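Both of the next two complexes hold chain A, though its partner changes from chain B to chain C.
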Partner chain A sequence: MSPTYLYCLTAPDAPDPPVATVGLDGGAVRRLASDGVDAWVGDVDARPVQATIERIRAHDSVVATALDTGSTPLPARFGQTFGSDDECLAMLSKKHSRMSAGLAQVAGMVEMTVILRVDLDTSSGTAYLQSLARRQHAARDVSSKLAGCIRQSAEKTNQEVLTLSHLVDRAAVAEYLDRLKGLEVKVLGPGAPYSFGPPE
Partner chain B sequence: MTEDLDLRSLARSLPERIEADAEHGEAGLARLALTLIELLRKVLEHQAVRRMDGGTLSAEEIERLGLALLRLNDRMQELKATFGLSDDDLEIDLGPLGRLK
Partner chain C sequence: MSDADEPLVLSDLISRVLDKGVVLSGDVILSIADIDLIKLELHLLVSGIESALHREPNVPVLPDGS
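And then the complex of A and B:
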């Protein structure tokens, strides 16, 4: 029996994967129905699945297809495999309440991402602290512009680059983009809610 | 970012169990320790900016605080390189589904 690869979780009333959906290594994508939380899965030859650019793209493209059905999925991280469908179903049943709460949280939502770049001046302690302040203020400006337009937010800093992820109602995406006009930021999305997991 | 929220996300990053295998255990422990230090570093940065914004710091204090944070950041980069860890490894949010097994 080939191992089962997990792409994402979907609500029970979400559509099936379109027949043309292509997964890892050109494989088919099918739906695994469980009690209350369904999964989009595929077969892989062996586990673990080595990460390659092509495979990560394929994974993300399946998740994007799920998002395009109109029902927001909970994306799995790349590389989650199970020995069989039954093992995957056992996980879904064990984590059922957390996963369905997670799905309910992202229902009707998409993830939007704002990327800010603030150069960090390391020429002196004062210059450094001032550049940290600029980064923090820029993030605050974005948040205040978007007030009332986002359901949830997550922040990630990697030196000069600050990534703000927002969970946004599908119907509010146009307004979201509108409010960011004029700010020197890069906006990505709408995409699947990779940054917003199920509550603890 | 509030300290409260960070602590909640931190709880999610703690391993469900520690690897017993010595070599892996050590790497796991380094990652856990650095994740904690990174979290504290970010809290300190936010606090420093807040204090500077509040106008309660003298020019000398700003320079000293900035320098300390700068050194902490440099040291952190060195430690990450030493243990072969990326920023993503130290990310406290483990992604939508976290660990499934």
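And then the complex of A and C:
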């Protein structure tokens, strides 16, 4: 029996994966129904699944397809495999209430991402702190422009890149984009809510 | 999207898919084999693995092909 690979969780009233959905290594994607939380899964040849750019793109593409059905999924982290569909369902059942709450939290929402890139000036301690302050200022500027337009936010920094993730109502995406016009930022989305799953 | 933004977008995708999203199984196995991926943004990858280990301290991170 082939191992089962997990792409995302969906609400029971969400549509099935379109027949043409292509998963990891060109594999098909199917739905596992359980009580209250369903899963989009596919077969893989072996465990563990090694991370490659191509597979990461394929994983994300399946999650994006789920989002495009109109019902917001909870994306799964890359690389989760189970010995069989039954094993996957057993784990789902164990975490059912948390996953169900997570799905309810993102229902009707999408994730938008703002990437701020401010070159960090390392020529002196003062210059460095000033460039950090500039970046924080830019982040505050984004947040104040978006006030009232976002449901939840998360922030992450990685060297010179600061990433702001926002949970936004599908109906508010146009306004969100409108409010960011003119700012020197990179905006990504709408995408699936990777950053807003249930707390671990 | 300008070409200059492409690495930024790809880095964001990789860190998102490897490091975010719900975990159902206790054995999230991140097995990093592809050399292009490592060349691309090693620090992002490492932060993803660190994060996984932090949340699931008993996760085996397996070497290639095991």
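Basically, the second predicted complex is superposed on the first by the 198 of 200 C-alpha atoms of A that agree within 3 Å, B and C clash if a C-alpha of one lies under 4 Å from a C-alpha of the other, contacts with A are read in each partner's own complex, and residues count from 1 in each chain.
By definition in this document, contacts are C-beta pairs under 8 Å (C-beta built on N, C-alpha and C of every residue); 3 or more make two chains touch, one makes a residue touch a chain.
What you see is a predicted model, and the numbers here were worked out from it, not measured in a lab.
Q: Classify the contacts of A:L132 with the two partner chains as first (chain B alone), second (chain C alone), both, or neither.
A: After superposing on A, A:L132 lies in contact with chain B but is clear of chain C.
Q: In the superposed arrangement, which partner chain does A:K186 touch: chain B (first), chain C (second), both, or neither?
A: A:K186: touches chain C, not chain B.
Q: Please indicate which partner A:E155 is in contact with in the superposed arrangement: first for chain B, second for chain C, both, or neither.
A: So A:E155 only meets chain B here.
Q: More residues of chain A are touched by which chain, chain B or chain C?
A: Looking at chain A, the partner in contact with more of its residues is C.
Q: Does chain B (first) or chain C (second) touch A:V49, or do both, or does neither?
A: After superposition on chain A, A:V49 lies in contact with chain C alone.
Q: Determine, under the contact definition given at the top, whether A:P75 touches first (chain B), second (chain C), both, or neither.
A: both
Q: Could you tell me if A:T122 is touching chain B, chain C, both of them or neither one (first, second, both, neither)?
A: It touches chain B, and chain C stays clear.
Q: Between chain B (first) and chain C (second), which, if any, makes contact with A:T163: first, second, both or neither?
A: A:T163: touches chain C, not chain B.
Q: If I apply the document's touch criterion, which positions on chain A are contacted by chain B in one structure and by chain C in the other?
A: On chain A, the residues that contact chain B in one structure and chain C in the other are 6, 9, 74-77, 80, 91, 95, 99, 102, 158, 194-195, 197-198, 200.
Q: Spell out the part of chain A that touches chain C in their complex, as residue ranges.
A: The contact residues of chain A facing chain C are 6, 8-9, 39, 47-53, 56-57, 59-60, 74-82, 88, 91-92, 95, 99, 102, 113, 115, 117, 158-159, 161, 163, 186, 188, 194-195, 197-198, 200.
Q: Can you tell me which positions in chain A touch chain B when the two form their complex?
A: 6, 9, 74-77, 80, 91, 95, 99, 102, 122, 124-130, 132-133, 136, 154-158, 193-198, 200
Q: Which residues of chain C touch chain A in the complex?
A: Chain C reaches chain A through residues 5, 8-25, 28-34, 36-37, 40, 43-44, 47, 52, 55, 62, 64.
Q: Would you mind writing out the residues of chain B in touch with chain A in their complex?
A: 1, 8, 11-12, 42, 45-46, 48-49, 52-53, 59, 62-70, 87, 91, 93-98, 100-101
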